[in-house]
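Each structure below is given as structure tokens.
Note that chain A is present in both complexes that follow, paired respectively with chain B and with chain C.
Here is the complex of A and B:
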């Protein structure tokens, strides 16, 4: 933690970074919150441990770009993938960000409980590399952690074994809970459109009321817009006040990207985006 | 589920340059086809946003057919390649939420393939007729329906 603060202070003092997007402790609690350190004194508040759940990459496209210096950001390896995804999609330039990679030993699912096999965030189960790559600097030490059951994968397999009618009923019940707060969109590092299709009214493709019909359209379109792009940070499900298992759809799309194209978004900043490119030899067998 | 008296509604999204012209050729050639298909002409298959398909199902379609120029034949060179990549994802997504592949069809029909168009459309209509009406959205839409008797 001191190493992180030291690097942040140096970056701010040398004007390499105009600010550092990081985590700070919530007073009187072990929980953390996103925190933007703009001077050396504030950099002293930065922390990193297993309670740092947020994917801070979401702020890179939402915060005002500094006139001088880079946008500093503290990033776990999963967050680095989101940053690389933003680079691939030309939303930020590499020389605009100063990435402080942190080696991660897994983060908690429920911040009120300590880290354990049972209380491990879903994304950490899927984590392939706890050490971030391609960052400007790396701090901390990655300790191996015990992985838990892959709940999302299990539920997805269960869902696939149902009939289409049963699947529709499952999602109808789930989407009925949606209150259209758009927290999923706001928490998503890759939902950066200045005008979302859900906000367009001429024509209004997606009904704005929180009715099942509009909720269906919204959640399907969001899943589709993230197809081949979602990096699996799970912030949408974490932000969802109605506990809709949004990661089921995102994971499914990720599985298709892997199966059909052997592609994982956010792995390499020089790769073209999946749905933004094409190949003459793409699968054609389902087309008459 | 299958009902012999059931006439499915099929919404077809067809590209202006190939399939629409192909369907036109089928008409001028006096080829017979079943009358269950509603055609919506779009500039290119690349213009078809998946939200169109959702809207079609929302508004009562039992099946959807999407059709455009053959690969390497696109009027805009690459529109259909981009579209194909999107469909690979979108049909799986629809399947995951319970709109099975038997209701969502894709084809390449060129401007000279009037006969193929008739075969494709008849095939899709038969398949969806066998599948029966799409009940999912009908139930949801009842939520929005006015009471049967409205006193003014």
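Here is the complex of A and C:
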């Protein structure tokens, strides 16, 4: 914690960073939340531990860019993947961000409870490298943690075994709950369009009504737009007030990208993007 | 005021009877996510100790998407078709005081310059069975906005948990009295002292701020520096407004059903969306997220108070409990530098 605060203070003092997007403790609680430190005193409030669930990369495309200095950000390895994805997609430049990598030992699913095998965020099950790479600096220590049951994976396998009609019925029931608050979109580090297709009214591609038809259109479009792009942070599922298991869709899309194209977004900032590149060995048997 | 006694089992029996008589029956779901229609006594959830559902019950009087009328092109004429009238009798089970109170608060808005017949009809048709609450967490603040875990505001019938799975049933409104009279077998008459209400196991939420002081400050601090920090990390989703039992903003849009027909729909909308106030010219009077967050707080604790003499908040804490970035409205209001 002290090492993190020291680095943040130095980055602000030297004007390397204009601000640091990090986590601060919620008063009177072990919970944390996003916090933007703009001076050294505020940098003294930064924390990092297993209660830091948020993927802060979402702020990189939403916060006003500083006139001078970089955008400092505290990033776990999964958050670094989102930052790398944003670099790959040319939304930010590497010299615009100052990345303070934090070694991670897993984060909680329910912040009201301590970290345990049962209370481990789904994304941590899938984590391939708790130590972030390619950051400007790294603090903390990554301790091994016990992986839990892969509930999302199990549910996916179960869904895959259903008939298309049964699967449709499953999603119909889930999407019926959607209230169209767009928390999934707003919490997503890779949903950064200046004008979302859902907000276009001339023509109106997606009904704004939170009816089954409009909800299907919205959630399916979002899944397609994230195909081969989602980095699996699970913020959409966590932000959803209707408890719709959105990660099922994104993970399935990610699995297809891996299976069909051996592609994992956010792995290397020099890789071209999946949908932005072409390879002679790409499947083309579906083209007539 | 008349008192009655009932039990969990009797309430389930009531659900079966109501289902036979084709009532709409609404109860919280088992996961605590939302309220939903049920048809079977075993699906009834009446739990004083439960956390407020993630999404409030408002959608049963103010649906997230409500058709106002349909239109159809016939030759060279346009035919307008009214939606089916809301007729079905509805009962909402187990509304916590912070849910039930939302109805009379929203009623003022929907009957101000224009009488919203859709809202009014739904409220008129709905019997609200409220329930004393025995849940408190760090997000609850009903006591700060003039309510309490045993407030009957908005309820027609009010349940107070008593010993041995019994409930003390209080008839609150004439509509509630008529409902109890209609289903006499479920509610046995009692005197007030017959069954002792079980005392709460949770302390009532602490009072976090004084609404009058907040209003006074808001009156003079539209341009305060406080807002720039208060709304800084807000991501601009509408989760807070959509789970809220009293946020009532809506948008009206036309949607096509096919090439020659369509419908005009009233959909939930929210002030945290950038698009909410964006003009056709491209100008946006609430350009930044802090501007929009100020609107949220001001509407709840100042503008609604100015216009209708009520606070537009029931202190349920849903917006804060569900917020992906941990913004807590009670904390922000309590921390106002007064």
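We adopt the following convention: the second predicted complex is superposed on the first by the 284 of 288 C-alpha atoms of A that agree within 3 Å, B and C clash if a C-alpha of one lies under 4 Å from a C-alpha of the other, contacts with A are read in each partner's own complex, and residues count from 1 in each chain.
Heads up, the rule we're going with is that a contact is a pair of C-beta atoms (placed from the backbone, for glycine too) under 8 Å apart; a residue touches a chain by one contact, two chains touch by 3 or more.
Quantities reported herein were computed from a predicted structural model and do not represent experimental measurements.
Q: Looking at the combined model built on chain A, do chain B and chain C fit side by side or clash?
A: Here chain B and chain C can both sit on chain A without a clash.
Q: Just chain B (first), just chain C (second), both, or neither: which does A:197 touch?
A: In the superposition, A:197 contacts chain B only.
Q: Quick check for you: in the superposed arrangement, does A:172 touch first (chain B), second (chain C), both or neither?
A: In the superposition, A:172 touches chain B alone.
Q: Determine, under the contact definition given at the top, whether A:286 touches first (chain B), second (chain C), both, or neither.
A: first
Q: May I ask you to decide whether A:253 touches chain B, chain C, both, or neither, giving the answer as first, second, both or neither?
A: After superposition on chain A, A:253 lies in contact with chain B alone.
Q: Applying the document's definition of touch, where does A:228 land relative to chain B and chain C: first, second, both, or neither?
A: Only chain B is touched by A:228; chain C is not.
Q: Of the two partner chains, chain B (first) and chain C (second), which one does A:220 touch, if any: first, second, both, or neither?
A: After superposition on chain A, A:220 lies in contact with chain B alone.
Q: Using the superposition on chain A described above, determine whether A:36 touches chain B (first), chain C (second), both, or neither.
A: second
Q: Does chain B (first) or chain C (second) touch A:237, or do both, or does neither?
A: Touch partners of A:237: none, neither chain B nor chain C.
Q: Is A:211 touching the first partner chain B, the second partner chain C, both, or neither of them?
A: After superposing on A, A:211 lies in contact with both chain B and chain C.
Q: For the superposed model, what is the least distance in angstrom between any CA atom of chain B and any CA atom of chain C?
A: 6
Q: So which positions on chain A get touched by both chain B and chain C?
A: 211.
Q: In the complex, go through chain B and note every residue touching chain A.
A: The touching residues are 49-51, 54-55, 58, 71-72, 78, 81-82, 84-101, 105-108, 120, 123, 135-137, 140-141, 143-144.
Q: Which part of chain C faces chain A closely enough to touch in the complex?
A: Going through chain C, the ones touching chain A are 31, 33-34, 54-55, 59, 64-65, 138, 232-233, 235-239, 241-243, 251, 253, 255, 265, 267-268, 270, 273, 275, 288, 322, 324-328, 331.
Q: Hey, which residues of chain A end up touching chain C in the complex?
A: Within the complex, chain A contacts chain C at residues 26-29, 31-36, 54, 58-59, 62, 64, 177, 179-183, 185-187, 199, 201, 204, 207-211, 214, 235, 238-239, 241-243.
Q: Hey, which residues of chain A end up touching chain B in the complex?
A: So the residues of chain A in touch with chain B come to 159-160, 164-172, 197, 205-206, 211-213, 216-217, 220-221, 223-224, 227-228, 248-249, 252-253, 256-257, 260, 274-275, 277-280, 282-284, 286-288.
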